[in-house]
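The structures considered in this document are given below.
Both complexes below contain chain A, partnered by chain B and then by chain C.
Showing the complex of A and B:
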């Protein structure tokens, strides 16, 4: 065992030790104090992770090898700036989520030993994945993360039937993804002759191109399924809504990022880039995920499902950046590659901040009203003013409009894509000339749909009049839940106003990924107040933009006030809201989430293929008198219907057909074994 | 009483038999074309200078008529169109009737007739527009 004692190593070690201790103490502690013990321990684990991540990004490196822990290969961890960035993000989300969880788990009946003990282990597993320095370590940590998150997804399986279904989908898909990663990395390790990442890096140049391609595609499938990339997104929109909200936040803002980490680590770092088609594939998957994810979210009426689908969208945007970075790097445009990867990593950080805020706020709503259905919410502003304000900020941060958080990273991403066009001195090739404008269009369409989606989530869910008694009775969450949301909100405000504070860290992470060349040009953008792109022209000052927006709003309000006050006979008259002279407006006259999305649904009718159903119940005496009309609309996931259902049917049919072989006779089963051994021996005799 | 050449009018049916509505339709049609005198029908009392009330005021429409009148920004005028609106007309003594329009909101101009001819309506509106 060799290890340099520094903040990075000590932080990661402390995080691991704290998580294990917390799990043990939470198992032993009585139910009354269990949420406090479990959550505080997890918060400290997260804080240690943040410290380790920041130290690693700042330039400290750490390397630990424990040969005896796993048979054959041992365990080895190495921390570099790229891994440190993801560790810091995960740790920060864990801190906000655990502070929130102290009150949330208590009020939600989640004090059970299982939930409280597995939660810190889940955080620790996510913290050690980006530090893994060998195939064996990565796979073990990855599997630990998958298993702990699966247990947490299933936490509420006694309350709702859908949880079991979501858990089943998640379990199957995450393990198929694991198999893909396993196959890819083992092929890689077999060619390298050793499973440490250093050996893989050395072997990457001598590997035949088709093997490298197989490795890349297999790991892309595996890591992409964890990141919720279309068409492997089916589990995400199920598992994220059904998990307890603090776990949803951790999964959506922390775990999915690690899929992106894997793609960057294997594609850029270990395989050292690759042919153009790899990155075109990544770019295309990203663009499709972004548009399809947000389109599904725009149609969704379930608040947490909507947020989950928006995660697919955001991971798609990140992949667009990753794909563009790879594309530029293969064309030798290192500056642009650094810019694109920097934009992608900034979007990872920004997404973590606003998505954890949104999921925690959604959990707050769920706790207060017992429902996630937007069509049954509304009017939460009166009972839950702070949650409403925080969700409102989160919604603004998630839509790519200034002064939101996503605006900065999507602006950087668009800058990278636009500068990559041949006409602006970028990559001169036909494929790029076609791919870049399409990618720009996809990002722009995504941004527009995201605005509509979050206006729907905020306007229908929180404003106007309450639609149900439960929404009318909603009360504000306890202070610790508000504190957890406040932490996430504060982080996203800082990222929106002063993104310059994280840019140096992103610069070193980009350099650690081997993109952007050896020189200082890995820095995509510089400056704390004004972001100036390095190497290409472009500048943005989010702080000045925010101040200008605030100034303009105040000026408009002041002018309107001055004009109305100075009018002749300017006495103010309090007038009744015009309701056509009838009774007061009722909540049945409001926009619902379904009706708000209807115009969009009509525009994208061919893509989303909604199923509508109108039931008219007539009066007994005459068909001309209508008693009730019922309208239902369902927007099923079309990719899921076309891709998964046939597959599931085929598997089921195969199973039924195979049942004929299992007659229950022991002789027959022995016969199967015998013939299989014979066939294998024959195969070996022929091939050897 | 004239409003300087241009009057935006909101029509309220307070319980009419729709005879007056047909005549108002004619008054704003191509033959009589009340718009050339500056009178224009609008879709909301918030946009209106004047109310054009037809019919006897029924129980169900008394409160909405009052609210509509309150919703019109001042200065505002009310035109009672037809005999029912002026003095209950043929509905005098019916069970669901509150009274003529002047019992509910102050009336400025009255247009007589059952139903009033389009010329009479245009004439009444010209008193408002002053054109």
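Showing the complex of A and C:
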């Protein structure tokens, strides 16, 4: 064990100890104080994680080996800048989520022992995954994270039936993913002869290419399923919305990132790069996920489901960056590779900030109105002005428009892709020349659809008139919930205006991943106020952009006030809305989320394949007189229908067929055992 | 930030705000002449604006701050673009935001706030306009960014001032297939973004066809004046960008009165000619059905993609 006590090690150790203590105290505490105890303890756990992560990114390293804890391999943790970045992000999301949870879990019937004790353990499990330094440690921490999150997803299973279904999907898919990671990493460890990451790194160069390929693809499947990458996204859009909202925020803004972490750690760090097709595969999966995820979100009318699908989109964008980085690295373009990976990591941080804000705000809406259906919301700005403002900022941050948060990281990503073409001094190969424009087109389509999606979520859900009584009665959330959202919003504002403050950290994380040149000093971009790309031309200053926008707005307002002699800024006459002379407008005449998305649904008809039913009920006297019309639309996930349903059917059929073998006779079962042993012996005799 | 950039940063917004209603007047006059009408004169848009600014400010019942702030925000985004992009001078007053992506995103931001205002009114018209506008924006974005991609790969930068100076130094680029394909793609994009025929009809108030007008139906008085002014400046900015990306000649590269005068005159002539050509073309066109618009945009997307392919394979 490393004798030097430093912040990184102390922080992580404190986080683990705090989490366990919180879990114990929360189990013992009476129900009245349980939310406070559990949430405050979790917030402190998260804060300790942030401290550890920042210390690791700043250059401290930490190494702990506990040989006796696990049989065979023991447990070992090592913290480097790459892991530290992910730990800091997870910790920060946990702080915002826990502050929010102090009030949220009190009001939502979530003060049960299970939820309050498992929540800190879930946070702690997520904090130790990026520090794992051996295959055994990683797998144990990974499984702990999966199990604790599964318990939290199931928290409200008594209230709603969908929760059980979501939990089942999540349990099965997360364990299939775990199996894939297990198979990949065990193959790797078998070749290395030892399961520590240091040994794997040494063995990577002597491994036959096909084994490395198998390891990479298997871990890509496992980690990709955790990140919600198409076609392994089916659980995400179910489990994230059904979890309690503070858990949704942690899953969507924290846990999915660890899938990205796994891909970078195994692909770039442990396997040391690899051939081009790996990264083309990652790039293609990322582009498909981004477009498919946001398209599903654009069609969605369930606020939390929409946010979950947008997580798939954002992880897709991150993978586009990771794939491009790998592609450039294999071509020897280290500067570009560093830029692309830096853009991907910046997007991870930005996404964590705005997605936790959005999920927490959606939780407030759910608490105030009891519904997540955008078609039943509207007009929340009157009852919940602060939540409306915060969600509005989150929506702007998510839609890649200036001065939002995602705009900065998508700008960096596009810069990396543009400079990758040969005519601008990038990689000279036909594959890159085809991949880069297609990737840019995918990112651009995603950006456009994201704008439409978040305009829908914000405009239909929070502006306009309330569509139901519940929405009209909505009241503002308690201060601690607002404080939790405020923390996430503040982080998102800082990232949008001064992204330069996190870039040095991203630079060291990129270097720790083994990308961006030997010197390790190749930074993706430099400068606090102005992002100036290093090695290629390109500069952008979000701060100047914001100031220019503010200045222009003030100037315009001033001029208008002067021109109209103060009539615009002062009291205004309230007038009736234009109702075509047909009497007052009712909320039933408003556009809903479904109708807002209808043109896009028609345009992408072939991709989303919506199912619509129109039932017309005629009067008995005449077919020309209509009594009622009923319109139903469902946008099922097409990939799920085409890929999962046949698979599930086949498994079910296999199970039914297998029933014939189990007749209940003991003799028969003994016979099965006997013949299996004989067959195995025969097999051994033949092959040996 | 150079002296030339600062002068440009002052001259450009003033010129564009003052000149864009005149541009709209010229376009209406061209259309009127071609249709055999006398027309209201080039100064009519400015007279309309003066009238609207003189009216009482109105708040439609049930609308919020969003509705009132949207026209201001749209004017502000366009002003920032007019300030930062190279229209009259090659140097920019704010070089760190004259990036082509930032400019495009700022202009999209302007449309977006207006769509939110449309939804905020809670009328069927407002929602309809917002929904249609966002559909078009979502489909325009890929074309726009891929066309930008095609133009910027050769320069190795997405900064507008770099692209414009590169074209100035190497005039042969303009005649290359890359430029021509990207130009055609961008023309379609500009038509869609500024709501001209055949994508949207700026002079219709028929509910089946209107897009932009449906969003802004509830605006009146000074607010409507701002919306109209923003629409006009957006048109001028888009045409100015189109002109200077492909034909930057005349733009001031040094700080002398003559160079500046030539720069201003060149911008006025280029934008005027483009606007008149657009207006003349519109006379011979009918508005497309809304669900035909994606086909048009898909076509322009293909051209933009071909432009990128050409930039690699013909290089």
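In this section, the second predicted complex is superposed on the first by the 670 of 688 C-alpha atoms of A that agree within 3 Å, B and C clash if a C-alpha of one lies under 4 Å from a C-alpha of the other, contacts with A are read in each partner's own complex, and residues count from 1 in each chain.
We adopt the following convention: a residue touches a chain if its C-beta (ideal position, glycine included) is under 8 Å from a C-beta of that chain, and two chains touch if they have at least 3 such contacts.
Quantities reported herein were computed from a predicted structural model and do not represent experimental measurements.
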**Prompt:** Which of the two partners, first being chain B and second being chain C, lies in contact with A:670: first, second, both, or neither?
**Reply:** neither
**Message:** After the superposition on A, what does A:538 contact: first (chain B), second (chain C), both or neither?
**Reply:** second
**Request:** Based on the superposed arrangement, let me know which partner A:17 touches: chain B (first), chain C (second), both, or neither?
**Result:** neither
**Message:** In this superposition, which partner touches a larger number of chain A residues, chain B or chain C?
**Reply:** C
**Request:** May I ask you to decide whether A:421 touches chain B, chain C, both, or neither, giving the answer as first, second, both or neither?
**Result:** second
**Request:** Check the residue A:575 against both partner chains and state whether it touches chain B (first), chain C (second), both, or neither.
**Result:** both
**Message:** Identify the residues of chain A that lie in both the chain B contact region and the chain C contact region.
**Reply:** 575-576, 578-579
**Request:** Using the touch definition up top, name the residues of chain B that touch chain A in the complex.
**Result:** 44-46, 63-65, 67-68, 70-71
**Message:** Residue numbers of chain C touching chain A in their complex, please.
**Reply:** 53-54, 56-62, 64, 66, 72-73, 75-77, 79-80, 83-84, 94-97, 99, 101-102, 105-106, 108-109, 112, 115-116, 119-128, 130-132, 134-135, 137-142, 144-146, 149, 152-159, 162, 217-218, 220, 222-223, 226, 290-291, 294, 301, 305, 308-309, 311-313, 315
**Message:** Which residues of chain A touch chain B once you look at their complex with the stated criterion?
**Reply:** 575-576, 578-582
**Request:** Using the touch definition up top, name the residues of chain A that touch chain C in the complex.
**Result:** 298, 378-379, 381-382, 399-402, 407, 411, 414-415, 417-419, 421-425, 430, 433-434, 437, 440-441, 443-445, 447-449, 451-452, 455-456, 458-460, 463-465, 530, 536-541, 544-545, 548-549, 552-553, 555-557, 560, 563-564, 567-568, 570, 572-579, 585, 587, 589-591, 595-600, 602-603
